[in-house]
Every structure is written in C-alpha cells, then in structure tokens.
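Listed below are the structures to be examined.
In the two assemblies presented below, subunit A is common to both, partnered first by subunit B and then by subunit C.
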Partner chain A sequence: MKLKKRAVAGTMESSDIMVEVIPWDRGLEINLQSDVMKQYGKHIEKLVSEILEENNINNACINLNDKGALDFTIAARVKTALYRAGKEDK
Partner chain B sequence: MFENYTVEYIEKDQVKKREKAEKFLNKLGLKYDEGVDITIVLKNNDEILGTISAEDNLIKCMGINQNHRNEGILNKLVSEIIKFKYSQNIFELSVITGICNKDKLKSLGFYEIYSTENIVLMENSKYKFQNYIKKIEEHKNKNNKNNAAVVMNLNPITKGHLYLIEKASKENDFVYIFVVSEDKSEIPFEVRFELAEKSTQHLKNVKIIEGGDYIISSSTFPSYFTKTYNDWVENYCDLDLNIFGKYISKTLNIKKRYIGSEPYCSLTSYYNKKIHKILPKYNVEIEEVERLANKDEVISASKVRKLAKESKFDILKELVPVPTYRYLKSKRRTL
Partner chain C sequence: MDRLRRTMLYVPGSKPGMIKDIYIYQPDAIMFDLEDSVSITEKDSARFLVSEALKQVDYQGIETVVRINGLDTEFGLEDLKLIVQSKPDVIRLPKTEKAEDVWKVEKIIDKLEKEYGIEKGSINMMAAIESAMGVLNAAEIAKSSKRLIGIALGAEDYVTNIKTKRSPEGTELLFARSQILNAARAYNIAAIDTVYSDVDNIKGFRREVEHIKQLGFDGKSIINPKQIEVVHDVYNPKVEEIEEAIEIWDTMKKAKEKGQGVISLRGKMIDKPIIDRAKRILDLAGVSYVE
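Entry: the complex of A and B
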C-alpha cells in the first residue's frame, strides 16, 4: 500500500484511540501515548506494527493517542487512517 | 455518556449561533475571539456542554460547562477540531493556554514549546518547532562572532528601517533581519520580504529571513484564558522574547538585538521595555536606536501608507527606498 497524504482516524474519547498517519521518507516511527502505557504499551505497539507490516508500510510516522481502546478498536482505527492516507485527493 | 448529544459546527457567517457560544464563554469568564473561523459546540439537547474554536492553526476559546467537568468533553472537542482542520488541510495545531491546562493538553497529544509563569504554548506536532529551528539554522553564518538581529514588520520598508539596518550592518559582523510573517498587514508578506531584500542589496553582511510562527506572530496572541488586556500583553511578550532568547538567538549566535525607539505605539513601547528586561538574561545586548526623522517628523510605515493612499508621491519619495517607491506607485501594486 502506498501512502499519499496525511490522515487521521478515531478520537481521544474514553475507550477510543486517535491515529494519525504521516507519510515521509525516514523509515517507520510509532509515537504512542496511552492511558494504559505501563500495562499495554508494548502490546499496542506490536499490534500496530503488525498492521503496518501487513500493508507493506515502511515509511511513515504513526502518532497514536490511546484512551484505553480494545484491540479491535485499535485495529479498525489504524486501518481506517491508512486507508484514508492511501486515497487520492479529489 | 449523554443520550442526545450533538456536535454543531459554526462558521463565520452564522452570527446568531456565534452569539450563543459567546454568551456561554462569557459566563465562564472567558472571551470570545471574533477572529476565529470555526467554532465547535457540543450540546446535550439544548444545553451547551463545551465549546472550542480556531483561527487558522490556532486553537482558541476553549470552555467547558462547569457542571460537566471530568466527563471527557475536552477530549471530544479537541478530537473534533483536529478532524475539522484536517479536512481543510491544516494538520498542525497550536494553542496558548493557562498553565493550569498544560497536563490536560499533554494527555491530548500536545507538546510543550515554552511555558512562562502564567501561560504555555503547545503544539500537537512533535516536529514543527524542531523543523523551524533547523530551517533557521540553515541561514547561520559560521564565520562571524558578532552577530546582530532586527525583527521588523516592514509594512513597507522605509528609509527609517534602512537607517537602523545600515547602522547595525556597520557595527556588527553579520545582521539577521527577521520579517514578521503574519499576513495581517496591508502589504502581503512576499512583497514586504522582497522589498526588504531589494532595498538592502548593497549591504553584504545582511540576511533577510522569514520570521515564521515563533517571532511576533499574531497567531500566538493569547486572547483566551487570560482575562485582561494587561495580562494578555505581558504574557505574550514573555513568551515571544523568551523563545527568541532561548532558541533563536542561541541557534544563530546572536549577541545583539536592535530596536527602534517607539514614540507612537504603546504596545510596541511596552514590548521594547520587556526586551530590555528579558533578552540580557540570554546574553543578548539591546541597542535602542532613535528613529530617523525627516524635517522634524519621524518616518513611519503607517505615514508612508497614508501618503500612498493620498497619492502624495513627491513627499513619499523622500521617505522610502527606491524599490518601495516603485511598488507603491505602480498602479496594480506589482514588484
């Protein structure tokens, strides 16, 4: 998948996660901020990395602001943000 | 959380709805800023739970209903405004707010750029400020030791400005001229910048630089959370000058900042007073230069603009460098 523009998905409301995808040429960078960093920080990073790998994304800055989202919420938000970032501007 | 909550997007022309948001803010002791281009209101039935606004990339006028604190309303509002601004291709947001809101905004993805005693400037981009400093560093003149700086709006550049720049050029190895970027002046930034470059061509040790978002940018005026005119001005000066001292002058090894004495504008003269207090802490010396006068009258850009409007080009010619004169006289205002 090729990223074409910056995109966001999700919110910072409780039990949600806000995901920002910024295409760039400096490799992969994941910036995670989470209310449950200590308990689930590593787990969330791994989950997001796997989704990026599945979509062959090697160059992007991914900003995540997590407010205690469950795994399937995280996956949905990340995939949506990637999908939006891959769409052409009309 | 709420059964019937709705999100309302209020644009500039929706006067009645804006008035409601304004009333809500006033009740909280906050002011509504007329300059904002979008106001987002979160409602539960008819009750306003909170509101947030923005002018370009600057978040303003945040207020939360006091009966609904700690219910995550700000989280919702900030998420909404980020998405709204994204749809306008504005990706990086800034906010100036009371220091008491710092931790809350940190949890919403904002990074602290600088805090004064009362207020903090924050941005939701990790790299914007870093990139700005990097960009400024590209202009760095590595060979020289005695570097000076001048910050000017140059709306447009006059012989008064030129006199100050020439003086600084004579007295220092190198001079950086920061042109205020904010496009709220009568003459657009690109024109102000180019006229400055053309008018200083003869000075080999002068470099014209774009001031950007962190030098006297009116988009960083803290007109919310700070409640009186005095607080507002003082906090703004503190923020601006400390960022200049701590980051900008350090990056470019600036030892001296030149300012023109200010006989007319009380805001600028207050800013000048603060410069004398703050910048020496960062080992930046201040040189206040008396304004150049023409026939007993001090030259000012506002006077020049007035003369141009009245088509008094004979008088105007005496007061400005040739490129400025040509620009003002050209019918379509072309360079």
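Entry: the complex of A and C
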C-alpha cells in the first residue's frame, strides 16, 4: 500500500484511539501515548506493527493517542487512517 | 425452534464505546448501523469499526445484523465488500422498494462469498420497507430471495412519504403494518416493526409494543437498551399460557404415538392452529420440545 498524504482517524473519547499517519522516507516510527501504557503499551505497539506489516508500510510516522481502546477499535482506527492516507484527494 | 427476534437493538457503527459492550443488554439481535446514524465523513471509519468488531468481539450467539448504505450511494458497495468478509448473520438493506433492490445486493453477496471462500448462502438478508412503493410491493419483496429472513417497517420515512406524521395511536401505520405483516407471514419470514423514538415515554412505548404484538409482529427495532425489558415483558408468555402449551404439546405427541387422528384435551378438539400457537408460546418462553 502506498501512502499519499497525512491522515487521521479516531477520537479522544473513552474506549477510542486517535491515530495519525504521516508518510515520510525515514523508516517506521510509532509514537504511543496511552492511558494504560504500563499494562498494554507493548501489546498496542505490536498490534499496530502487525497491521503496518500486512499493508507493506515501511516508511511512516504513526502517532497514537489511546484512551483505553480495545483491540478491535485499535485495528479499525489504524486501518481507517491508512485507507484515508492512501486515497487520492478529490 | 424458531429464532426469536423480539428486539433488534440499533447501535451506531461509529461508536466504539457502544459497540464493545452492547451485548451485555441481551437483545435478541444487534443491528450495527452504517446508514443514517453515521455522518458522511465517518462512513469509512464506521465500516472498519463494525468489520473489526464482528471479527474480534464475542457477541455470545446474539444475532448480528449490519444495516448498510443503499447501493445508490457511493458507500453501499464499499460496505458490502468489507462487511461480508466479517461474516455477520444478516445484512439489512435500507429503503427497499422492489424485488430488484434485493436481487442487486444478493448478487454482490453471492460474488463476495465466493471470492472470500465463505459458504454460499451463509449470510442472510433483511429488507427495510420505508415508502409507499415498498409497502405496495411488500409481497414481491418478501418472496424475492432465499436469503431474506425478514422484512421491517421504517416508519419515519414512510409517514413523510404518505404526507402525514406519526401519532401515538399509530392509525397512519395500520395499512403498512398489516401489509408487511401479511407479506411476511405468506412467505414465512419475520416481520419487524419500526422504532419508537421517544425513549423516555415508556408508557407510550409499551402501548405500541402491545399493539404490534397483537397485530402479529415478531418484534421491534429499538434504539435504547432500556426498551428491551418492556418488549420482552410484553412478549413473554404468562405462566398459565406456558403450562397450557406444554399440555397441548404433550397431548399431541401422545396421540401421534398412538396413531390417533383426532386429538382432544378436556373435551376440546386440538387442531393444527392450536398446536401452532402452542409452539409459538413455547418458542417465546424458551421451552425446548421435540418436533
């Protein structure tokens, strides 16, 4: 998948996660802020890395602000942000 | 045993907080909405959220229904492509006016099931009827597809279409409800009534539920978990009704074993309609029985 532009998905509401995808050429960088960093920080990073790998994303900065989202929400928000970043502007 | 569809609880597809634990309220079906409750700018994110929830959350056997956007919008086809992969029990079509509307969606589901290696015919469909034209064509819609498990009335658009508004008595909906109910019964599928939007008016809600139960509806689309208890309470058979139904069923089984043609219970003849009604009571009461 080719990222064409910066995109965001999600909200700052409880049980949600805000995801920002910025295309660049400096490899992969994942920045995570989370209300449950100590318990789930590593797990969230692994989950996001797997989705990036599935979509062959090797160059992007991913900023995550987690408000206690479950796995399905994290997956959905990352996939939405990637989908939006890969779309051409109308 | 027929699947109960007394309550079909709407949840906006764009709200992760609601999607994650909606099953704790134990409705008979959960309807994830991608249509009217989701803004144009969040259509894509709602689609991904519902898709991931269906794949990852254990809804504990509660029937999962996804209301997609119409194929006449830019979102309908995209909804189907992602949602079919996540294998919901049912895909609900909005604003169905004729059999062709069902066929168009069915053709796409056929193709996607094949593409994704999903067993053919495993995803069911429901059609919402929300216009005068849809009501007039209710019978042809009801028989349009083997996948179709039910038809539902969408009253808000319908009353606007027939140039009136909803009243507490629901006089304006009598024709549509009767037409939809009869079409569903003629083709042996479920008939689901429309939503009641005034969530704080529990008295008015109960009155409407009693009304649609008397008309013969299987259940109702609902928009708030607090409406569940009222519907289930109205639909739950009384103890005497259950006892009588069990007695009728047992009498029928014994008579069958003995090869008796005419069955009677305390001097009253037990014929097919009485047995069918007893079966419906047992279904509603959650009593198991041998066919």
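In this section, the second predicted complex is superposed on the first by the 90 of 90 C-alpha atoms of A that agree within 3 Å, B and C clash if a C-alpha of one lies under 4 Å from a C-alpha of the other, contacts with A are read in each partner's own complex, and residues count from 1 in each chain.
We adopt the following convention: contacts are C-beta pairs under 8 Å (C-beta built on N, C-alpha and C of every residue); 3 or more make two chains touch, one makes a residue touch a chain.
These numbers come from a predicted model, not from an experiment.
Following the overlay on subunit A, a side-by-side fit with no clash is recorded for the pair subunit B and subunit C. In the superposition on chain A, contact of A:34 is made with neither subunit B nor subunit C.
Vectors from the Cα centre of subunit A to those of subunit B and subunit C enclose 120° in the overlay, to the nearest 10. In the overlay built on the shared chain, the residue A:65 is in contact with subunit B alone; subunit C does not reach it. Of the two partner chains, subunit B and subunit C are each touched by A:13. Superposition on chain A places subunit B within reach of subunit C only down to 10 Å, the least C-alpha distance between them.
When both complexes are aligned on chain A by C-alpha atoms, subunit A residues 10, 13-14 touch subunit B in the first and subunit C in the second. In the complex of the two chains, the subunit A residues touching subunit C come out as 9-10, 13-16, 69-73, 75-77, 79-80, 83-84.
Within the complex, the subunit B residues that touch subunit A are 72, 75-76, 78-80, 82-83, 86, 91, 107-109, 126. Within the complex formed with subunit A, the subunit C residues making contact are 16-17, 19-20, 44-45, 48-49, 51-53, 55-57. For subunit A in complex with subunit B, the touching residues are 6-8, 10-14, 18, 22, 31, 33, 35, 63, 65, 67.
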